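Some structures to go through are shown next.
There are two complexes below, and they share subunit A, which is joined by subunit B in the first and by subunit C in the second.
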Partner chain A sequence: MGPATIVFWLASAVALAGGLGVVLFKEPIRNVLSLVLVMLSLAVLFLLLSAQFVFAVQVIVYAGAVMVLFLFVITLLGPVREQGTVRLPWQIFISAVVIAAFAGFLVAMLRGVSYRTPDAADPIFGSVQSIGVGLFTDYLFPFELTSILLLVAAVGC
Partner chain B sequence: MLIRRNPLVMLICIELMLNAVNLTLVAFSRQLNNREGQLFALMTMTVAAAEAVVGLAILVDIFRVRDLEDVDDLSELKG
Partner chain C sequence: MIAAAQVTYTAAQAWSDLAQIGPIVAVTVALLVAVVVDLLLPRGLRGPVVTVIAIVGLVSALAIAAYRLVNGYGGPAYFRFVSGDAFALFFEMLFALIGVLAVIVSSSYVRRRGLYEAELQVLTLAAIVGMMSLAAAGSLVTVFLGLELLSIALYVSCGYNRIELPSQESAAKYLIIGGFASAFVLYGMALIYGATGTTVLSDIATRVTSDSAGNPLLLLGVLLMGVGFAFKVSAAPFHMWTPDVYQGAPLPVTAFMSVATKAAAFAMILRVFNYGLGHLGPEWQVLLAFTAAASMVVGNLMAIVQASLKRMLAYSGVAHAGYILVGVLAGGRAGVAAVLFYLFGYVFMNFGAFAVVSTLSGPAGDGDLYEDLNGLAYRNPTLGVLMSVFMLSLAGFPPMVGFFGKVFLFTAGISAGWTWLVVLAVLTSVVSVYYYFRVLFHVWSPLPEAPVRFAFGPVRGPVTVVLLAGVFAVALGPLSGFLLQVGLNGAAPLLSGR
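Coming up: the complex of A and B.
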């Protein structure tokens, strides 16, 4: 078991624990801190998948900016009293049926799959150069659409 | 997302789901040696950031008017 495997298992365990924390904690501040944990461990996983640029963006934009925004709003709004969960009638039964159906789909789909280790990546795979060339040549139009979306979100109205 | 009633926590759960999608996109891009997955993950991050900004702005505006404990309290538009 190489060091990459150990790092992978550690990061995925931390990500799963953080995801459970997001759903199960009662105070919103703990939800947000668990989400920061999830995002940092996902950043480690991105680095393992040789996606350096996505790793940097994940740490800076997500764990940095978006999570600070969430924390800011939570402290601005003060503690929110959350009422006990109001369950719809038959909610547990219906969710169990849906979970079983999707688990069945997954098992049926993955049963005949054989895994192969991916080919060795290019040295520039996932680097800023590769991503930048992609963004400004083949994917210029979605890139500009994204910039318009950001502009609308920033300006408002 | 369905078992929580706090609108803020629901927004956080949306972020969690978008992150899961990002992870699969990047993983498949590595498996297929194809950079398009990473580009699309970047787009997803941008959309998630914009969504968080707009959602939090709406929430702050609602909380300025009144206290909100449950998303089902916001049902005045229901006929």
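Coming up: the complex of A and C.
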């Protein structure tokens, strides 16, 4: 087991723990901080895939800027604990059964997968340069569509 | 120092790519102009001017699409991420048409309800850009972005009537369920990408052969995408959100999304399943056959017991999703053409029905109970007759377009061997006659003694739209041979390369 494998498992475990924290904590501040944890461990996973630029963007934009905005909004609104804690008793049971069934199904399906060998990577893969070229050639249409998507989100606010 | 990357994208190619997506460009330009104009003009002018800009943009998109369809349509553009083929052009024309109708109806509606006009038109344009991209998609990336663009625009539109609780409820439910469905779709796409190493649909079509059926990654991907798609077309058992969202949203938004989202989602299913994953047919057909059967039964039975017209039309939409899935399952040239034909007809009859209901709204709210239709045929004979036409068409009576649509779908289904599903579809169609005729009963009942809840204000816009939709719905019946030809033409790009 090489160091990369160990880092992968660690980062994945932290990401999962963060994800659970987002769902389970009752105070909004803790939810946001858990989300920061998820973002940071995802950044580590990106770095493992030699996507340095995405790693940096993930840390600066998501873990940094976006999460700070979240924190601002929550502190401005007052960090109140979650209000409606009343749940139907059978809901937890049903969701547990469904989650267990789906997880079991996933494990059963994915046990015998023979994964493809990855395609050989470009020498400039993961650099700012390769992302820039990709955005304005191969991925031009999705890139422009994304900008309209963001514009619409801004109009809708 | 890293070696310089080679960029080989030339200006000539850029122009030809831009021409391929001409209709999308036209709507996008209208959207951008509308956003800026909305900021510059004085308050009183904004609404009408933006509405005019939206109509101009949509009509030019329609003209460009028609021109390209007649004068030799294109193929893949932008590195196969999008396509200007006949299939895309068919849907682009359809969405431009619905867009024009929706913009006219909402313009009159927001004035009567005292809401802002400009933003709603901008959101409608944005949703149409998303739908057109979805229909033209050549890659899973484009599919997902188009899906999100149309969904986000519609989440906002649903909650457009901010001061009303049902509108907020509608937006919140649609946002949560829609986000959930998108997550399913995205997970499925990721697995498909993992299994094939590409997101481009034509590459997926060549790499996924019938031997790939044993690959669990592909199967899981198909399952997850199928669940997400079923949410989007509101097919049972993933239809629970539909009645609540349709009921709470402002009426023109409901009318628009009930037909346009359905058409866009079916375009997506045809592109991804029938084209990209065509060789996995036996796998996804099992999933969709169950969904189709459930939709027909649940949709038709639940529609009977509704008191609200919006909810009834929502459940009727679930049932129609079931019928259309028969054509998707049948596949092949006949099946895909039948789906395109049915969507074209369904758009006009369902939109027309909603537009009639939207004329009944006033400052006090929407009139969406059966009782609000009482004596409509005497209060406003045009609307009464047209509402009857729409209901007969939805029920599938000859010589309406709904009848021909069902005939094409069901014959395609039988010749592809889905006899049990077609038998179920015919039986449930018979059930549907009951609730469509209940509307007719109220429309043609004598004028009520008590004063009606909603008198007619100045509703010229919607009446025009209802007339247009009615003319289409009536005229498409006799013209169905021609339209089927257009549909067959549109189906061809999905079948080449097999």
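Simple rule for what comes next: the second predicted complex is superposed on the first by the 132 of 157 C-alpha atoms of A that agree within 3 Å, B and C clash if a C-alpha of one lies under 4 Å from a C-alpha of the other, contacts with A are read in each partner's own complex, and residues count from 1 in each chain.
The rule is short, and it goes like this: a residue touches a chain if its C-beta (ideal position, glycine included) is under 8 Å from a C-beta of that chain, and two chains touch if they have at least 3 such contacts.
Source: prediction; values computed, not measured.
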- subunit A: partner with more touched residues, subunit B or subunit C: B
- Message: For A:D119 in the superposed arrangement: first (subunit B), second (subunit C), both or neither?
- Response: both
- Query: Which holds for A:A153: it touches subunit B only (first), subunit C only (second), both, or neither?
  - Reply: both
- Kindly classify A:M1 by the partners it touches after superposition: subunit B alone (first), subunit C alone (second), both, or neither? neither
- Could you say whether A:L106 touches subunit B, subunit C, both of them, or neither, answering first, second, both or neither? second
- Quick one: classify A:V61 as touching subunit B (first), subunit C (second), both or neither. first
- Message: Quick check for you: in the superposed arrangement, does A:S130 touch first (subunit B), second (subunit C), both or neither?
- Response: both
- For A:P142, is the partner it touches subunit B (first), subunit C (second), both, or none of the two (neither)? both
- Message: After overlaying the two complexes on chain A, where does the subunit B footprint on subunit A coincide with the subunit C footprint?
- Response: 119, 130, 139, 142, 146, 149, 152-153, 156
- Query: Given the complex with subunit C, which residues does subunit A contribute to the contact?
  - Reply: 106, 109-110, 112-113, 115-116, 119, 123-124, 127, 129-130, 133, 136-142, 145-146, 148-149, 151-153, 155-156
- Note on the structure: Seen from subunit C, its contact residues with subunit A in the complex are 2-5, 7-9, 21, 28, 31-32, 35, 77-79, 81-82, 119, 122-123, 126, 129, 133, 139, 141-142, 145-146, 148-149, 152-153, 155-156, 194-195, 197, 215-217, 219-220
- Can you name the residues of subunit A that touch subunit B in the complex? 19, 22-23, 28, 31-32, 35, 38-39, 42, 45-46, 49-51, 53-54, 57-58, 61-62, 65-66, 69-70, 73-74, 76-77, 80-83, 85-86, 91, 95, 118-119, 121-122, 125-126, 130-131, 134-135, 139, 142, 146, 149-150, 152-154, 156
- Note on the structure: Listed in rising order, the residues of subunit B that touch subunit A in the complex are 2-6, 8-9, 11-13, 15-16, 19, 22-23, 26-27, 29-33, 35-36, 38-39, 41-43, 45-50, 52-54, 56-57, 59-60, 63, 68-70, 72
